[in-house]
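Structures follow.
The two complexes that follow have chain A in common; it is paired with chain B in the first and with chain C in the second.
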Partner chain A sequence: MSLDMKVDGKSKNRADDLAQGILGTPMDRPEGLLKVTGEALYAAEDLPGNCTFGMLVSAPAQGDVTLSNEAEIRDMPGVLAVIHDPRMVRNAAQGTMDEAPVQGVDHAAYAGQAVALVVAESFEAARHAAQSVKLGLSGEEGPIDPQAVETEESEGNRFVRGDLDKAMASAAHTVDAVYTTPSMTSAPMEPHAAVAWWDGDKVTVRASLQMLKYNRNELADCLGIDSENVRLLSPYVGGGFGSKLGISPEAVAAAIAARELGRPVRVVLHRRQMFEVVTRRSETRQHIRLAADGDGRLTGLGHEVLVSNLPDEPFSEPVTQGTHFAYPAENRLIRKEVARIHRPAAGSVRAPGEAVGVTTFEAAMDELACAAGMDPVELRLRNIPEKDPEQGIPFSSHMLEPTLREGAERFGWFDRDPELRARREGEWWIGTGMAAAFRVNILSEAQARVRLTAGGAVVETDQTDIGTGTYAILTQIAGELLGLPADKVETRLGDTDLPPGSGSGGSWGAASTGSAVWLAAMELRQRIADAMGCDEAELTLKDGQATCGNVTQPLEEILGGESLVGHGHVKPGDALEEVMQSTYGAHFAEVAVNDVTGETRVRRMLGCFAAGRILNEKTARSQCHGGMIWGIGMALTEGVTHDRRTGRMVNRDLAEYHVPVNADVPPLEVHFVEERDPWAGPMQAKGIGELGICGAGAAVLNAIHHACGVRIRDLPATPDKVLAGLLQ
Partner chain B sequence: MTLTLTVNGTERQLELDPRVTLLDALRVHLDLTGSKKGCDHGQCGACTVLVNGRRINSCLSLAVMHDGDEITTVEGLANGKPGELQQAFVEHDGFQCGYCTPGQLCSATGMLQELAEGWPSHVSETLEGEYGLTEAEISERMSGNICRCSCYPGINAAIRQAGERA
Partner chain C sequence: MRPFDYTRAENVSDACAAAFAPEAQFIAGGTNLVDLMKLEVMAPGELVDINRLGLDRIEESDGGLRVGATVTNSDLAADARIRQDYPVLSRALLAGASGQLRNKATTGGNLLQRTRCPYFYDTDSACNKRSPGAGCAAIGGETRNHAILGTSEHCIALHPSDMAVAMRALDARIEVQPQDGPAKAYEMDRFYCLPGDTPHIETVLEPGDLITSVWLPAPKGTRQVYRKVRDRASYAFALVSVAAVIEMEEGRISHASVAFGGLAPMPWRDVEVDALLAGAEPSADLFDEAADILLQGAQPQEGTEFKLPLARRALRAVLEEATL
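== the complex of A and B ==
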């Protein structure tokens, strides 16, 4: 039996009437104690007996590859194999690709590509041998500069209406600016890792991956075997942020090597390899134009962008995704060009599209507010669309105004002096800035199973928890529906032997797999109600007791020693076409900019967000903190430098690529505006994992401008750039 | 080479390749995988353990340099039952993915000890004296431990709570 649902329209609000009262609470993560005691096992842990160790070899430049000292390497102590196999992959698969990415390692398509695997009896021997490999690289090298090649237009992103040039010419206020953002990297703390072993024709891989049901097909396709013969295990994932969406080179190489050697093989990416062989966020060039009337109402907007990727990659950074629906303007010109170049592959990094697109657009909106002499919050309030500005369909809910108003109020926004360079403390200029946040909401197909016994419930799905709080919220959902406290619910994740969830990515894991768990538990409620002879809607389940009318019975008695199994299956439906669904928020930041050094310190930051029902207030808050802190990184420090001669990432480690550390982060405040979005499925909840990063960096950049008058359009706002502005 | 480590109170004899780092000795040879490898280059802090009571990056140190040393890893912070600091991390959501967490916990343990002993930091007003558990001191002293999930608000709240109760 299974309870299936295609989300075609509005769902009733059932959750608020359920009795257990754990959904939405800031419950601690059920796996928390395992994580603080070191007992949670990640991919490269719990090694099988007789395990061998592999190390990938990276090509320092493009070209046809020869291993000139292969025989010597094989003879090194402890070395078991040197593998370069046509099934090995050029780079990680794109999210939801469901098939092999580009395969073959005879040619390095970009500097940094992994072209061989050395396997040895120990990690030290493998590392030594991998470092001793002498590679010959010859032949043509492809272009590496996105500005220097012919580009192709990405049709799906194009929207043209009216005449933007005319609107610009007749507008009371305009902005015409080019913003650039550098390549960025996900840099999860757990390196990509795989431990593979074979049992006959079946391969099992412990791996660090976000979307197992797709990854399983991707790996099977790479190896040329049936998906049924692939089992993936990712019970704990040490962060992903998009970099673990698709199967990546170490997992494919480990599986190939394990077959060849007949022994388990562990392959962990070196931190430097992580920058290159899994996907980066594309650098972008964004031409933004805004035209507004005397009241600050937008009459025209343009967002024309250039991004890059390797040839044959289906993904291109959807920079303008938020622009299509954020603001109304009759005259619109939105376009995207893709440069095919030979830098490492580009792919999804936390909030692909909006992370950089909303950030730059919100900085441009700040420029418009300045041009019009208008308060930036007021400017946004005057430009809230009644319906989707391009598709003409209604919004499922539109929460920009409440988040702007509550955020401004709590931050004390209106106390600010709108003048630039108005506050000084010693060497420091002090200023405040704000930005709106937008992120599309997506539901994805998911399945889950819930088994109910006298001892409690077990939730099962191959869904992953990449730090997002999946263990917590699925436990809460099942507990809420079945009337069980959290300690009577066990959630098992990250195993392709379990029903396929949605995977973690695109902020859709919670609402999608959560809905599948909801449906599975709902099926159980219906069966309990049947057993008691009442309607499910009249059933109350709380603390292991079932009540129908004036009859109360322990669940245990109803089950009578048996177990009940419910299966839930949710699919996206017509709701996608009928309404535009998004999450909203507002960011506020206060910064200090040093007049002597150009250094920026964020002094405080506040975010106010709406994303439908918040399933766990604590884990949702942490997600928002994460996004906001990534915004600080994007605004101030993060950026890959590509070698101008080879395209190679120069700063490919954590010493040179600066992610925010503790001292970079000021006190943060996060507030949620309560909302139920009936279009978002049975829980009326939307995704929250990425909203926090969308626009966060703009609040910081706009605060820098307010503080010291310097407008940074080439991210990040490092001291050299700010200082150059201060000296002008 | 042969060496003896006292790990979490237990003496362990090891026969190791001299290239093995302290981190890999713990993770691979003693199967204590609580200590994490994030960069293998002293850039992230995920591998932080306590050696004779002081916090170090165990990836930057060869195991053979520690013959006779006392090592405490995250597995040894729990004495049968998770300690105050560990519980505070859970309560304040001082982690998301949990991968940097063992390093954060060992680092915080060492840091609280340094603070108690009156070690100054870059943000301390004076070079001698008592340094309180201020936000600035905690942030500064914990900046060798990167959390890409960016749980710094929870980490700092947890450290402050555990530090104040101690």
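== the complex of A and C ==
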């Protein structure tokens, strides 16, 4: 039996009528204690007996690869094998690719590509041997500068209507600006790691991955075997942020090596390889044009972008994704060009598209507010579309106005003096800035199983918890529907032997796999109601007791020693065509800019967000905190530097690639505006994992401008750039 | 990391003797060395552990303070006498690295930490410091944390220390026990070597030489300022830093010693800057002239040009603060 649902229309609000009362609460993570005490074993920590250790060898430049001293390496103490296999992959697969990424390591397509694996009896021996490999690299090198090559247009992103040039020429207020953002990296705390072992024709890989059902097919395709013969285990993942969406070089190499050696092989990426062989966020060049009438209403908008990727990569940074639906403007010109260059592969990094696209667009909107002499919040309020500006369909819900108003109120926004350089404390210019946040909402196919016994319920799916709180929310969903406290629900994740969930990515994990768990538990409710002879809608389940009309019975009694198994399966449906679904929010930041040095410090930051039903108030808040901190990094410190001669990442470690540290992060405030989005599926919940980063950096950049009058369009706003502005 | 031998020295002379061996290297906190060994930027065949030599004391001596070579950065920054009489040093220490690193990093090790030039850290890149004669990939490459003073056509690497900058302003002396012969003491400008055509030679230390302590004379100024400009609020190397030790008498500067980080291959000090300030009445013009003198020989790369205005403004602000 299975309860299937294709989300074609609106769902009823059932969750608010359920009795257990744990859904939405800030419940602690059930696995939290295991994590903070080190009991939760991550991929590289859970080693089978007789395990061997591999280290990937990175090519310092492009070229055809020869291993010059392979025999010498094989003779080094402890070395078991040097693997240089055509099935090894050039870079990690793109998210939901479901097939092998580009394979073959005879040619290094970019400086930093992993081209061989050395396996040894110890990690130290493998690392030293890998460092001792001498590579011969020859042949032509491809271009590395996205601005210096012919580009191809990405048709799917194009939208042209009216005449933007004419709109600009006749507008009361205009903005015409070019923004640039550098390559960025996910930098999860847990590096990519894989431990592979074979049993006959079957391979098991314990790995750090986000989307197991796709990763399983990707690995099988890489190895040329049936997916049935691949089992992946990712019970705990120490951060992903998109970098672990697709199968990556270490997992493929570990599986190949384990087969060859007949022993388990562990491969962990070096932190420097974390920058190079998994995907980066593409650098972008964004030409933004805005035309507005005297009231600040947009009459035209242009967003023309240049991004890059390696040849043969299907992904290109969807920078304009949010621009298509954010603001109404009759005249529109949205297009994207892709430069094929030989930097490390570009792929999804937290909020692909909106993270950089909304940030720059919201900075440009701030420029428009200044040009029009209008309050930036008011400018947004005047430009809220009534329906999707391009598709003409309604929004499932549109929460920008309530989040703007509540955020502005709580932040004390309207107390600001709109004048630039109006507030000074000693050497510091103080200013405030804001930005809107929006991120498309996506539902993805997912399945889950719930088994109910006298002892409680067990939730099972291959869904991953990448630190987001999946264990907690799936436990809450099952507990809510089945009337069980959290300690009577066990959630098992991250094993391809379990029903395929949606995977974690695109902010869709909670709402998608959560809906599958909902449906599985709903099926069980129906069967309990059947057993009691009533309608499911009349059934109340609470604390292990079932009530129908005047009859209350312990669940245990109804089960009579048996177990009930429910299976839920959710698929996206026509709802996607009928309405536009998005999450919304508003960011507010106060910064101090040092007049002597150009250093910027964020003094406080507030975000107000709406994403349908909030499933767990604590984990949702953590996601928003994380997103806002990413925004601080994007605005002030983060950027990969590519060597101009080789394209190699120069600052490829965490000492030189500057993510914000504690001292960079001020008190953060997060508020949720509760809503129920009936189009979002049975729980009426939307994704929130990425909303917090969308536009966050713009609030900081806009605050810098308000503080000291310096507009930074080349991110990040490091002291040298701000100082150059101050000196003008 | 290359396999290596490990020896724990029990006394200074044993340590010096052990380190005299080819490819031997002292290890104290290891916060820099171990990273470099993992990357095989440094590959010593033997490590001589000096953590048990009893060099972890701070003692009053000869009118100043003698700081043992293995006193940790955290302990030194927290010492009451340092905080009272040498606040510029305490502040510089606390501006460096992170709490965890400062708990391990030592005084001697900090003086000897290697540059953070990314091409030095990348064994695939040409680096005259790592492989003499190989060339310098930083020149013509991506520069930011690089020097603009005291460089050569062979190397533009920067000395990354905060602590050493404050010590330079305090006229610290570095005390060294050679493997044979009597102890020596070096003024800091005699201790460090500019790159010239031998960027791999960073100090005057010979094989087997052990830094045993740093002696701080009685402070010559009570107005002490350390200012560090950096990309993020913590755990980032200085773009520019300034340490100033100033004494005022009747509205005039009676003593000035100013040292700089983020600008040069060694903690930088310009005697002409100090000479200009000494005896002068503080003014914006004076401070600008000091900056002119400091930066007159600067040779920035494309990525380090910003350090010229930044150093000027940081110097001016520090001198204003110290002479108020």
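Definition applied: the second predicted complex is superposed on the first by the 728 of 728 C-alpha atoms of A that agree within 3 Å, B and C clash if a C-alpha of one lies under 4 Å from a C-alpha of the other, contacts with A are read in each partner's own complex, and residues count from 1 in each chain.
Throughout what follows, a residue touches a chain if its C-beta (ideal position, glycine included) is under 8 Å from a C-beta of that chain, and two chains touch if they have at least 3 such contacts.
What you see is a predicted model, and the numbers here were worked out from it, not measured in a lab.
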For A:Pro60 in the superposed arrangement: first (chain B), second (chain C), both or neither? second
Mind working out whether A:His128 is in touch with chain B, chain C, both or neither, as first, second, both or neither? both
Now for A:Arg601: first (chain B), second (chain C), both, or neither, which partner does it touch? second
Is A:Arg644 in contact with chain B, with chain C, with both, or with neither (first, second, both, neither)? second
What is the contact status of A:Pro499 with respect to chain B (first) and chain C (second): first, second, both, or neither? neither
Who wins on chain A residues touched, chain B or chain C? B
So, A:Leu636: does it touch chain B (first), chain C (second), both, or neither? second
Quick check on the superposed pair: does A:Gly725 touch chain B, chain C, both, or neither? Answer first, second, both or neither. neither
Is A:Val661 touching the first partner chain B, the second partner chain C, both, or neither of them? both
In chain A, both chain B and chain C touch residues 124, 128, 653, 655, 660-664
Residue ranges of chain A in contact with chain C within the complex: 60-61, 77, 124, 127-128, 131, 427, 596-599, 601, 636-637, 641-645, 648, 650-651, 653, 655-656, 658, 660-664, 718-720, 723-724, 727
If you look only at chain B, which of its residues touch chain A in the complex? 17, 19-20, 24, 27-28, 32-41, 43-44, 46, 73-75, 77-78, 82, 86-87, 89-91, 93, 95-102, 105, 135, 138-140, 142-156
Mind listing the chain C positions that touch chain A in their complex? 1-3, 38-40, 98, 116, 118-119, 121-125, 140-142, 144-145, 229-236, 239-240, 306, 309-310, 313-314, 316-317
Chain A - residues contacting chain B, complex: 28-29, 31-42, 44-47, 122-125, 128, 186-191, 236-239, 241, 268, 270-271, 466-469, 618-619, 621-623, 625-626, 628-630, 653-655, 659-665, 667-668
